[in-house]
Amino acid sequence: MSAQLAQYLLSGITIGAIYALVALGFSIIFNASHVINFAQGEFVMIGGMTTVSLIGTGLPLPLAIVAAVAVAAAMGLALEKFAVEPARGAPVVTLIIITIGASIFLRGLAILVWDKKLHTLPPFSGHRPIEIAGAALLPQSLWVLGVTLAIVLALSWFFGRTLLGKAILATSHQRLAAQLVGINVRQVVFISFGLSAALGAVAGILITPITLTAWDVGIMLGLKGFAAAVLGGLGSGPGAVLGGLVLGIAETLSAGYLSSAYKDVIAFVLMLAVLFFRPRGLLGGRVTERV
Amino acid sequence: MISWLASPRTGGMLALIAAIALLPLALSNNYFYEVAILVGLNAILCVGLNLLIGYAGQISLGHAGFFGLGGYGSAILSARYGWPPLAALAAATAAVGLIAFVIGRPILRLRGHYLAMATLGMGVIVSIVVSTEDGFTGGPDGMSVPPLTLAGMVLQGERVWYWVVGALLVAAVWLAQNLIESPTGRALRALSGSEVGAEVLGIDSSRHKLLVFVISAVYAAIAGGLTAHYSGFITPGKASFFHSIELVTMVVFGGMASTFGAVIGAAILTTLPQVLTVFKEYEMVAFGAVMMGTMIFVPKGLVPSLAMMARRRPVRPRGSNR
Amino acid sequence: MSLLRVQGLGKEFGGVRAVENLSFSVAQGIVHSIIGPNGAGKTTLLNLLTGIYVPTAGGIYLGERELTGRPPYEYAAAGVARTFQNLQVFFNMSAIENVMVGRYRHERCGLAAALLRFPAQARAESACRDAAAELLEFVGLGGYLGAHADAMPYGALKRLEVARALATEPQLLLLDEPAAGLNPTETREFETLIGRIAARGITVVLVEHNMRLVMGISDHVLVLDYGCKLAEGTAGEMRADPRVVEAYLGATVH
């Protein structure tokens, strides 16, 4: 394998893991409530920016990370409580506008709390790149991949083996039936927002040492994570992960071999292709409508 | 005679014409005229978009893409290739209509969230292309656009443009209202009420959806071209996702399935950012809060909510279970 | 003379055979009922007969014309109309507008004429409204001429769907459980309405659970079970058929 190809693949998997985390956030919320949370990208931003601030106050990195994730989760819960729940039952268009309004609100808040400059975090374990197959792998990339893997495993345990996780899945499949067996659907939706926000924040923190962070990183990361979720199948956890990885690799490969100017376009071209030819995505379930 | 005047359609048209005719009395300087013109241009677009979202019950999160294509198309043809601006505008509009026709078929097979995502993707792709092809488009900084000329006369100046846009808005509303009240319009509303119910009555849903999609794209392209020639400038931001959302919010806020609601929505949400600059650095927070607040507290949109209060009849929300 | 002919019809949903090898015909001008236990495939059959589902096997013929696999609007063009078990009323429109939509097939309106509002349009609109009002009266909804669909009671909405279907001037009207959710008085009124529709020369196919209604009005009955034809004949024959009694009717029928 050529060194250049190896390099592209490694960068691709790294950014792909980030997209996967963001996509998971979309899928979890979509599953619980059929809402597409366009504010998801802002939680990525909040994760990174909050950590930067907390480190600035002298807090050690691990504590700062935990606190930042908690802050993001709290904001996710607040979003659900104050913006999404009051509009329960509203048509799709309305909910989309609400979450987009929330993302604008959060970005505006970011400008007030912080600023419009770029910020960075120190890599978790050093700068020296590791050589693999002639390509240079940043130690931070290993953190990205490792933490993402750990999270994916934790989530599959959570959804497969715990009562709460199964309740969330039940709600996603059949809301009314879930209510009838005593699952508090509102609580499920509430928790799913907190969980997704936390996932987004983790993604933001992991990637900041590599790509920096600022008040507006959430826009593109959110949209691309969204494209990854669609690519893998909206509502499918494994799909979100696969979609994220496929998207990341497609992006770096096309930027390297085709055109770096159009790097951002590939995500949406793939998304459109999926929607035209296989709307349920790579791993999504079939959608049937009963008349 | 009285009932003709009182009918919502004529009443609305007369109110619109009166508003356009009388507004200049309240506009004391060029800045206010400029805002009014922008309101008018957005309103033209929203009237078309409302046909798609409000009447046909579809969704588009990428209409700024059509706006941008119309604007850039007209700009490039007139600035780079020396076409007469009016011809450039016409050609760009026709091209956008054709593009909408071609991509409309596959895109409109999708429903709900999937349709929203596809239109979003389409809009974002347009905005990225427009920003990247700087040879044609001047890149992220945009490009300058020659003014419109009509029969040898250059259209320049706020007052001239005010009357041009005002007249075009009246025409746009008149055409849209005619369509809505025709059998085709009824078929569209039926599709929005129940797609399968409409289909078994002989209504070809894909053909109708495509028709409305193309019409709304044409409205957007015209608005885009006019905006470009009026401002003398166009930037990629005009085709952005954010702009698409602003447009959808105008339509939804004014009230879906209401042409006059779309005009009012455009009026309020175009002037709002101007008002919000008072908040300075709180502008974005305020705008986001307003977007959320209006959708939470006035989910039906302004005009239907007011109408509902006037009639005091329960309005069944779309999509509710019985 | 058969109006509708179904041959070897099958519909499979990923392993579930909702309808299997079904063949029957419906003679013109009669009231033909289709009965069967829940899950027998009755609604699936109606969806097939209106183009909403595409058959996985077999053919559907209306008169001389094959309609298998055609989209719903072609079935409508051929003269097939239906009502729905789960109401598909246009709640965003008034009662009379709902019926006016039913006239769509008979209104020719070009795009230019629609956009520019030619005078002929206004006259056609008026005629359409009158025709719709007449149909509302015919189905007994004369009191709802000014009503909005979302303010009407359930029983009225069921009849609204009938009026809307009749507006298409069908040869064949398919009614999907019209008596579901109606009380005995309303059901009797519906029975009378079906009689009046048949008297207009329209062939009626009725999918129903209400045995009194079926036995009272049907010229011919088809019994389905598990997507297949169990038996067919007159109402009296079905009442006496031991297979039908065992699968569906139970020991006593009123």
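Note that the chains take the letters A, B and C in the order they are written out, and that residue 1 is the start of every chain.
Rule of thumb we're sticking to: a residue touches a chain if its C-beta (ideal position, glycine included) is under 8 Å from a C-beta of that chain, and two chains touch if they have at least 3 such contacts.
Keep in mind the model is a prediction, meaning the values are calculated, not measured.
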What chain is most central when centres are computed from CA atoms?
B
Among the chains, which is located farthest from chain A on the basis of C-alpha centroids?
C
Suppose each chain is reduced to the average of its Cα coordinates; what separation in Å results between chain A and chain C?
48
Once you find the CA centre of chain A and the CA centre of chain B, what distance in Å lies between them?
32
Report, in whole Å, the distance between the mean C-alpha point of chain B and the mean C-alpha point of chain C.
40
Chain A: positions in contact with at least two other chains:
291
Where chain B touches two or more other chains at once, the residues are 196, 318
Which residues does chain C have that touch at least 2 chains other than itself?
52, 84, 88
In their complex, what parts of chain B are in touch with chain C?
175, 178-179, 181-187, 189-190, 192-194, 196-205, 211, 257, 313-316, 318
Under the definition above, what is the set of chain B residues touching chain A in their complex?
53, 59, 61, 106-107, 110, 112-114, 116-118, 120-122, 124-125, 128-129, 132, 196, 241, 245, 248-249, 252, 256, 281-292, 295-296, 299, 317-320
The chain A residues in contact with chain B across the complex are 34, 36, 83, 86-87, 89-98, 100-109, 111-112, 223, 226-227, 230, 234, 261-262, 264-265, 268-269, 271-272, 275-276, 279, 291
Flag every residue of chain C that touches chain B in the complex, lowest number first.
50-52, 71-73, 75-77, 80-82, 84, 88-93, 97-98, 100-105, 107, 109, 111, 113-117, 121, 124-125, 128, 148, 150-151, 164-165, 167-168
